[in-house]
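Two complexes are shown next, each including chain A; its partner changes from chain B in the first to chain C in the second.
After this line comes the complex of A and B, so read on.
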């Protein structure tokens, strides 16, 4: 196992700082934005947007420079390894797309713009810290750091009741979840006497080899692990802990929704994989079965709820719950293939979700304010490229081949079958077939105007007249509100969704390389 | 030329996709240009695909024009293409029918022309890819994405309850293919457990040793995917809706190519991968096939809608093909493969004629027609040939296929074959009765007073099909000599597995005797 003495001998400040360099860069840039916000000319302009982008680029640069090193820092609380490289890339990409999506989004809304970008940078750096933590206290701190930024961002639309409601719900439930996490850490500490994941791992590993030794703290450890799972499941929005998701996703400004649905979820899965492979893998309490049930419930619930939605944002929120269920299958499958499949899926997931949210923002800018699916009549032929891109993202979310969504599902399902989870995969496949319906429903609304139903119900006729008005507005607003940043996001996501679906090899290599570093525990 | 022949399959597969990309850059308003260009490009595609026919070696069952490149190393998936006698003709059928479908839609498709031709060409790429791929993952990629363009074609350019039909079509087939995916992944993992290698190479997966119980479960899973496509009796309900509401070009492609994927899937994947299970389950499938034949025919008799009638006749005809395939004698499988081509040609032609009738009188109800012979003699004559080909008149293509199927099956499954033969009589009843009501007697509907005969374009559209009906009917050996080695090899694989079950008693060979 790991040589701890050698690890400790290397701790000095420079190395510690090096281990958090990509995060530190982001934090520095966040402060720069805050300071520059003092100047009036910068406050109202777009400069903070560009500074934020530059910050992300610099963080990428440092990530690239450090990518071949494994650095421990801060007395074993932080580790920077290949696993982090992958997750940092995904999180930074998600942040990059979020910032691009944010451009001009707040133009018509009366909010503070520099603070917004600095908060986004803070939350991204928190996500990265979270993934690289290997100490329970450090994990807790990062989760809180990340969540507080996310609470503020969710309620960023001052005066909009939905935004405030979402933030409030997220805040209250999130605090509970953090409490659960902390409580769990306490129990684990009581059982093992360690907070460092490696040491906990070593401790349990040694205990499990002592034959006939009745391990007194077994109950404590089990309780601790369950509570820890609750805390993390909340951030991953798995089924019984998902209730905040639809409301805060719906209420938050859409770029923030994108950040929550991609960045935060990816970070939560990242730390969950770290914790799971180091502690849960000993199968105290049979956690694989618990996760099995959680995965099935999450998929099924997410899909059923999404089916009933008429609001696009809520629909994608619920569908992202279902996606979390699919991602969990990879973790349950475990092993080299399961985890690398999960990582691939996460990478695929951020592109298709960000793309879909990009389209949602376009709709919002077009003043189809309700984002009601019914108001998409005829959209497909009015804006053929946008509609085609949107269909492609939806098909990817549904898991149709040639898209990244299929490849992700395929890798995850194969790994699960390899580990013998036939029923889980079967249920997941039935779920995908079921889920296809509500994605297709949107495509139907965009392309296939059903004349018969229009004439039958009054509601539809009223709706139709609204649409004609909206169509009139569309033409005018189009020039102003489909920004080039939005177009870049959609094109980027489109390209990556296609490439990941057709030539997944380099990305699979990347994911696999990062998984091997995880196995060095 | 040698490089061209080396990569000919890739060229054939991706040429339509590139054509579609080219069409993206043409102005939406230039509808005439779009139509002409798409049609010419699809004709060029057909001409290119003829090279396959010319350079195809007819004396071997081995795969030809093989291309193989690394694709996903991690999972042993390769870009692996190759064709044998069966996929050769299905590819030719696909390229021909796409050309004909595009040619037939000049008048029918009036709006969103650009989107339509692009989708047709994209669809062609994916159909061809599915026929040519020998890697299961690659096949699945092509196979499932194929649904999407078809879904758009039905949903956007269809008539009546098009949205309902399109959604029903995609959900049925998607559910089927996802369950099939489950089966395919399981076989892939089993092969890994046995050999320690990940591979999606179909030829290697053939050697997977699957325990019998699991084999039956997997066969059922994969069966569902293919049976929905065929469609076999209890899974057929999407077909009449999809066919009835689809535009003519959509119906033509659906009937002549898409339905063949079910049979092709059984031939290429399900039966060779799980031979024991398929031998054991043969009686069940034959019962379903015979039910399909008789049920489809009986339901066709009472249809009032022309298109629905042809759609149900497809269910009946596909039943014959399944019967021939699962009888698993060289003769009957030969007949099945030939009948796949024949059904594509005949039913495609029938849908074209129904489309022409609909374009002229905007109705598909049989009762609204009558006495058209006097107004449109050319239409009547050519329509008659198509109908007779579908009925199975000797001298036309339908007869050869059905005859081979019935002869080949008779010795193995006498009772089933006798029941199936009765289906031919019903076929004659519904098709000829339909023809009589539509074409003969007096004109009852005033709208048909000005009924116009076929235009030159329409004649060109159906002429290749009519010629092929005669050609295959009179000289089927051109096809059969190329199909036969593959089929004999296929039957040999099954024979190889027979000793345990002793189900197939003797190899019958009409052409290799």
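After this line comes the complex of A and C, so read on.
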């Protein structure tokens, strides 16, 4: 319901605009890139790259300026609070890393056009809007805004059938999920008469199923919550709803895969935490048990499927499904510790994933094709630094101490134990031990397999390119396989993975401070 | 007519749409089935909004229509790209990315 007194308030527009300022900056920069695209020749993506980076920096600036305020905007559809500050930071960092990765990837392929960066900015702004929305209309619109940009980005490689196929699968299943979300909203609306999350929460809290509402509204509410969960689980790629994930991650250009695996997943978890702590918090239908089962299935399936992969990108895609299972444990544990542990895990997760994808891009640029696991046998001898960085990211994903992955798992699991979910933690620890096998297998192959016996290894391709300098294509490969942007991404990810693993205190404090605003509406 | 009847009709339409997505092979038919699912939600929103004498459901319906139009544009783009590569829009031919 619209509050008319608020509408005529003097500061209404100003406050509303302030509440979406970090997103608005990104959208403005995205439009600037689109407009400049008119005047430049099509192959010139250089300017749009820098404009996109500047846009991210300005958005950070606005975020920093607003970081101490809590602003309600647009008739209570949008809220900007401490929780958003944390998620905006994570999403902007993920976008920043994605843009840095994109430059190198598309330069090598000569397909860069300015629209790419504007789409990335649109997608990032939609993720931020998603996390800050507290109205079902706004959540739906943000999910669609984010996804539509991601569909286009997934199919961005023109003439590559894998890319188009990934986009198609992502589109069909993503829209299918949105339809479930919408139909769930219908039933929640029928049961409560509200679309605002906190009004729905209050309504359920009062249990005021009055006579003028539909008589079986409790059933409606249960149906609505289940359908809503299905819609959100698609976006978080939880087990029975994960099927689009490996295909679209594999088909998409690798920087876009990075954006989907980090930014979109973080945003989906952000809105899920908002929804879950408000309208799911009454334990109608035992939602904690449903999530318990989903988390176990997601972890186990992700790890088993990752074990069977021979393609590096698909392996990381499946491992990201497994990571979603671990992240879900923190949400199930709930409360102050559980949610702040989840937030810390998400922060740790984007750095290790972006770092791993940075290395995958390096591999891809060497071969200009999909990366088979066999192709980096013996890589550790030829490129000790790169191989060491990759090993570090893999160890972090496996959750070995001194890395951020370990601290993330530690916070999440200890919160779950505090809430009494012993079996869940037991299964999760078994799963991490199991996952360590396929992560460490890669490291073993990099360092302990003799590269002389394998003609297909990347190290040999590099040797060949050194010999045949006159060959034009090889020369390009040699020049472009590592650029400063890629090195910056990998070093940044390394530093943060290490710092988060060794000194997690300031970051967990940041996460904990942002969580408090969830219950103080 | 009770509002429950409208919701039952909406649920039937939603199920027909979901079945269409799962069974059909033609990309355009699949998209029409997705539209059917969206419009089932529209019907539900309009019915409930009218019954409860509220306006927010009607507002939601307009936004859903806008989003559905935007998605049609994206899907047709993907379908054309797919047709150029495979010469067909049968989704059984999308078989390069497998487990």
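Simple rule for what comes next: the second predicted complex is superposed on the first by the 460 of 521 C-alpha atoms of A that agree within 3 Å, B and C clash if a C-alpha of one lies under 4 Å from a C-alpha of the other, contacts with A are read in each partner's own complex, and residues count from 1 in each chain.
As a convention for this text, a contact is a pair of C-beta atoms (placed from the backbone, for glycine too) under 8 Å apart; a residue touches a chain by one contact, two chains touch by 3 or more.
Keep in mind that what you see is a predicted model, and the values were worked out from it rather than measured.
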- Quick one: on chain A, after the overlay, do chain B and chain C clash, or do they fit? Just give me the call. fit
- Item | Between chain B and chain C, more extensive residue contact with chain A | C
- Message: Per the contact definition in the header, classify A:290: touching chain B only (first), chain C only (second), both, or neither.
- Response: neither
- Could you say whether A:158 touches chain B, chain C, both of them, or neither, answering first, second, both or neither? second
- Identify the partner contact of A:179: answer first if only chain B is touched, second if only chain C is, both if each is, neither if none is. second
- Item | Angle at chain A between chain B and chain C, C-alpha centres, nearest 10 degrees | 140
- Item | Partner chain(s) touched by A:36 [first = chain B, second = chain C, both, neither] | neither
- Kindly classify A:222 by the partners it touches after superposition: chain B alone (first), chain C alone (second), both, or neither? neither
- Query: Is A:384 in contact with chain B, with chain C, with both, or with neither (first, second, both, neither)?
  - Reply: first
- Overlay on A puts the nearest Cα atoms of chain B and chain C apart, in Å, by 26
- In their shared complex, at which residues does chain A touch chain C? 1-2, 136-137, 140-141, 144, 148, 151-152, 155, 158-159, 161-162, 164-169, 171-172, 175-176, 178-179, 182-183, 185-187, 189-190, 193-195, 213-214, 216, 246-247, 250-251, 305, 308
- Query: Hey, which residues of chain B end up touching chain A in the complex?
  - Reply: 70-75, 112, 115, 137, 140-145, 147-148, 151-152, 155-156, 161-163, 166-167, 170-171, 174-175, 178-179, 181-182, 185-186, 188-189, 192
- Using the touch rule from the top, collect the residues of chain A that touch chain B in their complex. 340, 381, 384, 395, 400-402, 406, 410-411, 413-414, 417-418, 422, 425-426, 429-430, 432-433, 436-437, 440-441, 444, 447-448, 450, 452, 503-505, 508-509, 512
- Quick one: in the complex, what on chain C touches chain A? 3-4, 7, 10, 14, 17-18, 21, 27, 30, 34, 37-38, 40-41, 44-45, 48-49, 51-52, 54-57, 59-60, 63-64, 67, 70-71, 74-75, 77-79, 81-82, 85-86, 91, 94, 96-97, 99
